[in-house]
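Both of the next two complexes hold chain A, though its partner changes from chain B to chain C.
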Partner chain A sequence: MPGMIRRIVAASAVVCVFAGVVADVFAQSTADEIAKYRDALQDGNPAELWEARGEEMWKTPRGPKHVAFASCDLGQGAGVVKGAYAQLPRYFADAGRVMDLETRLVWCMVNQQGYTHADATKTVFGNGSAKRSDLEALAAYVTSRSQGVKMNVPLDEPHVHDMYALGEKMFYYRGGTHDFACATCHGDDGKRIRLQDLPNLTKVEGAQKAYTTWPAYRVSQGELRTFQWRLNDCFRQQRFPELVFGSDASIALTAYLAGRANGAEYRGPAIKR
Partner chain B sequence: MADPMKIRANVVGDSTEVKVLMSHEMETGQRKDAQGKVIPAWFIQNVRVVHNDKVVLAAQWGPSVAKNPFLSFKFKGGAKGDKIRITWVDNHNDTRTDEATIA
Partner chain C sequence: MQRRNIVRTASGALLIAATAGGVLYGCASAPADRADGQRAEAMLKSSFKAHGQATLDRLDQDETQRLCSEYAGRALPQPVAERIEKANLATIRFPADGKLVGDWKSGEKIAQSGRGFQYSDDPTKPAGANCYACHQLSPQELSYGTIGPSLYQFGKRRGFTDETRRYAWQKIYNAQAFNACSNMPRFGHRHILTDAQIRDVVALLVDPASPVNR
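Coming up: the complex of A and B.
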């Protein structure tokens, strides 16, 4: 009798191991198929439509003061777009704070073009042709001009360094109704939501791969989404209070993740499922 | 007025390869909004590509084509510097024509 039980236990152990292998094979082939899908989408990324609209906007005088973005300094001098995104967030002495791209664009719209802050941030995330976001188009244009440039966020600058440190703290801070931290989903290899693999942002390669592919055209939404949107939606999924657009919290997290991506070539705007 | 198309046209061997991105909502007429009201169908119906006054592609599209469509095709002939002209017309009779030079 005992011998037979032992044999049954041994047999079921074999079955379990086998099931584990099958699950791995499935997970692997799913990831492969998703990778193929992403490759197929690479050609003809509709983000280019946003880039074109953003470029037009960048060059055209706008706002109550009728001023173009030629006077907007993204950190590389007034009106310089090339390579600017790879060195953001950074500290801007004229504004007295560390800013990411979108916050800086809003600052230029308010301080140079004469928009009210409310008008400049009325539609930060677009929704179809009825509700288009200027900021998404501008971000697409500016980021596209950093393609191939190595990420180089100035982390040795004291203000940026402080924001980076704050962002790191927030990344591991657990809270909300679900007691979640960013690290809960993005702190281990091989985690996923439904079929989507989640990047492990605690590893440099994970952070680099993730950060350098935002903004991205989201096929499932038919919209171009920026990094501010990405963070905002992560907060929603964690059931955190809504992340205020351009808040220090959003910039700190951006500084942390952008800083972690330093050294990697920027490849956006990308396309995602 | 709809946004411009993004057109790339390159000579590949004895053919010209054309890649076009169009900015369009491509509503199927099957979806409902947050209030439960049907969102009316709104999609590109006809696409026409002309090279040297000759139609090289004429297509009829329906609501199954995705938002912001990407169209890629090849046609025989075409030389560097030639112009191609692309026109779409949607079911609202809105239309857009853009031109590109073959590179």
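Coming up: the complex of A and C.
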């Protein structure tokens, strides 16, 4: 069943690409993208490879202390994975902080498995087989176990509520050489940059559709990417300095967009352009 | 004056109010007050690291950016809009030799290029303006964005006059001189483009021989 949901998401992505082509051009690069989509579809979503690697890692004792993630509490109790992602970010009293999935995984690696923070965050975004990211694999595994679960970020919890409000501020914060904010590119319906459709993330439907499909396997990169990566890369396009992995701004924006997605079924990891 | 009836949203869109007079406030859910803004700013500072040319001072807002962030998502009161436009109009510089129109072919290349100012870009290479990211221009280029209006036939529609040329120069130099909190970058004021580059992009818009006007 989860595999099927993924295939439907993937198939609708292909339909979108074709619709764009009919309305616009058959630029060579677009044609290439479609060919890549077709290939990817035939083999199912490659995100499954990351999920499998992540599951293996989740269950195997790791790190200097030789501890498995069975003791890692993602908010639903030690070791519980099912449905956990749909209720993140949330406040963790043991850490005294609101955390998203990736930040929580790092916390468990440092505090339970004995890694240094530097080691745990050495490769947050992978690059080919030479530089694989454990975090991306773990995130793929954990998120896949929320497929079909309705997003339910605990916005009533005061710390989460606070982060949500700051995330909203951040979304509208204009700066840099180009005066861009998230809202510049994601604040209106039906806009696009070149031929890429831009979701209106200020609307609940837009946030739901976008948030519930990350992490995603990016065909153009041949990598599975997490929501932390998505934010990092949009800030790059925004001409801002580099977003620090797991920083408060990254968690605030995640809380804002995940909270806006509440009520929608989680459908990731999806497959995207 | 017509202006009273125009309410601006901070995203740069214009809403024409049905009723006469008065300034309309607050449509959408507005991100809250100033104190929150300052906390957000402190959070930003601790959440980024300098990377190449993208240094931390990119997070510092000028008055225009601060006001446009503060009023984002709701109607921009007319006095604030006027203040922003006045301040931005004052930044506009015309080239010393008075020449506003360059080579449209070079302008087309500048309008196509999205390179520049990202930490992933080589700062020793000239930056582009990526006008096509947001606008339709030459009809041959079908891969264009829609954040801004179509500029196809810009010169032809407005007339090949001095006024059109001066407006094009100024709009590219600082879009917010005419439309507070516009989503369009202020290419001259923020030193994204050089005078010579602006001249060439102006040509793309106003030269009768440019594909934009054919």
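One rule holds for everything that comes next: the second predicted complex is superposed on the first by the 230 of 273 C-alpha atoms of A that agree within 3 Å, B and C clash if a C-alpha of one lies under 4 Å from a C-alpha of the other, contacts with A are read in each partner's own complex, and residues count from 1 in each chain.
Everything below uses one rule, namely that a contact is a pair of C-beta atoms (placed from the backbone, for glycine too) under 8 Å apart; a residue touches a chain by one contact, two chains touch by 3 or more.
The model shown is predicted, which means the values in this text are computed figures rather than measured ones.
Within the superposed three-chain model, A:128 lies in touch with chain B and out of touch with chain C [touch as defined at top].
Of the two partner chains placed by the overlay, only chain B lies in contact with A:49; chain C stays clear of it. Of the two partner chains, chain C is the only one that A:202 touches; chain B does not reach it. Between chain B and chain C, C contacts the larger number of chain A residues. In the overlay built on the shared chain, the residue A:222 is in contact with chain B alone; chain C does not reach it. By the touch criterion stated above, A:181 is placed in contact with chain C alone, chain B being left untouched. When the two complexes are overlaid on their common chain A, residue A:237 makes contact with chain C while staying clear of chain B. On chain A, the surface touched by chain B in one complex and the surface touched by chain C in the other have no residue in common.
Of all the residues in chain B, the ones that touch chain A in their complex are 3-4, 6, 19, 21, 23, 25, 66-68, 70, 72.
Residues 24-25, 27, 165-166, 168-181, 183-185, 187-188, 190-195, 198, 202, 235-237, 239-244, 247-250, 252 of chain A are the ones that touch chain C when the two sit in their complex. By the touch criterion given at the top, residues 11, 13, 28, 31-32, 36-37, 39-41, 43-44, 46-51, 54-56, 58-61, 64-65, 68-69, 72-73, 117-120, 132-134, 142-147, 183, 185-186, 190-192 of chain C touch chain A in their complex.
The part of chain A that touches chain B in the complex is made up of residues 43-44, 46, 48-49, 52-53, 128-129, 219, 222.
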